[in-house]
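This report refers to the structure that appears directly beneath it.
Chain IDs A, B, C and D follow the sequence of writing; residue 1 opens each chain.
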């Protein structure tokens, strides 16, 4: 992970792109890449999406999009001075106390509090 | 990073949420979290966004959103069987041959090929 | 539609928010609202999503998110001087010559050119 | 607007695409198009973004992306049985009582409640 952060930073610096890499701009770029990822999956059924990596066309494309998303996320976190893994583990701990195992298992709808009752 | 992947996986399994965690659904959740991140930065100037971590309110919120994005990205990659760092480094190498240092430095507009000429 | 554009413009002007309403910022706000819409639908099956308006909780929330997306899209188009309906009809005509009815019907996969062959 | 909705519906029906047009899938497609719009604006300064329509390359591209976003939003609203303009005006009225003119004008930060104090 540190290696990736360093590689992305070097990539930007060598190209004199730091001037463009404000958090605002990088967040937009991140969202743009996530949009490309969604576009690969949008017409698939959930089941098809689970098998997507076995497809010789789509598999590599999804992998490439995931790579792009991670690159911009690593760059954004670097520019903000955030340790990605640390920030995630903190958030996971916090989520763990909000959605306890017992409560969550008792009702799968706890995942959002919003699975439609009338269509379950 | 492996620790994070394992932690997110355990979190989902304990709550019996694997059923919801198809790549399609997780990509939507990832996009939703990126949307929350954008919402924190949308009215800031680029300069304000660069100073955002120093703000006692916004800083922790941006950190938390970044954590959420990373959690869903780690989970999505895990479900797809993709090594996030490996996929990113591959993509970076590929981008490096497309945007050479020389070409990029000679024109900052190479970043998109699309900085508006009339407004530069 | 013109009424909506005028109402959103008045709303912004009365609050002295034109200063924030650059196309860049509005595009981020639009993406943020689309993220909220995705969050309402992310854990639903496609079938559940088709029935979502019948749900007493989710239905009104989806309607409200759609309203928010439309508001920011109308504002963005207004600020850019784009006629939304005109721009859409133009794009639809263009898409019509790219995806002819015959070609599209002969293969539903034409919708993206990318429905996974191995999982169809 | 009704004309657009009807045109998009006919476009989908002629191609036998109704099967793909669940709200879940259409929301993903909408987000994908918004991602393409963000990609056009991401490296621009806010000021450059305000002048974007005058650029001979970028202007038409932004217009086309806005058209795509509107097409999917119209289709999504049609499939959900939501009147886009009505839903927006409702939401605007509601926002009007939350952000009164007086309160909003007295502090531009009311726009989010979150403009960073330390960087203003």
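Basically, contacts are C-beta pairs under 8 Å (C-beta built on N, C-alpha and C of every residue); 3 or more make two chains touch, one makes a residue touch a chain.
Small disclaimer: the values here were computed from a predicted structure and weren't measured.
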> On Cα atoms, by how many degrees is subunit A rotated relative to subunit D, nearest 5?
Replying inline: 180
> At what distance in angstrom does the C-alpha mean of subunit D lie from that of subunit A?
Replying inline: 22
> Once you find the CA centre of subunit B and the CA centre of subunit D, what distance in Å lies between them?
Replying inline: 22
> Can you give the whole-Å distance between the Cα centres of subunit A and subunit B?
Replying inline: 5
> Listing for subunit B: what residues touch at least two other chains?
Replying inline: 20, 24-25, 27-28, 31, 34-35, 38-39, 41-47, 52, 111
> With chains as vertices joined when they touch, what's the shape: line, ring, star, complete or other?
Replying inline: complete
>> Give the list of subunit C residues in touch with subunit D in this complex.
In response: 1, 3-4, 7-8, 11, 14-17, 19-20, 22-25, 27-28, 30-31, 34-35, 37-38, 41, 44-47, 49-50, 52-53, 62-64, 66-71, 73-74, 76-77, 79-82, 84-85, 87-92, 94-96, 99, 101, 104-105, 108, 110-111
>> Can you tell me which positions in subunit D touch subunit B when the two form their complex?
In response: 24, 27-28, 31, 39-40, 42-48, 51-52, 54-58, 61, 111-112, 114-120
> Given the complex with subunit D, which residues does subunit A contribute to the contact?
Replying inline: 20, 25, 28-29, 31-36, 38-39, 41-43
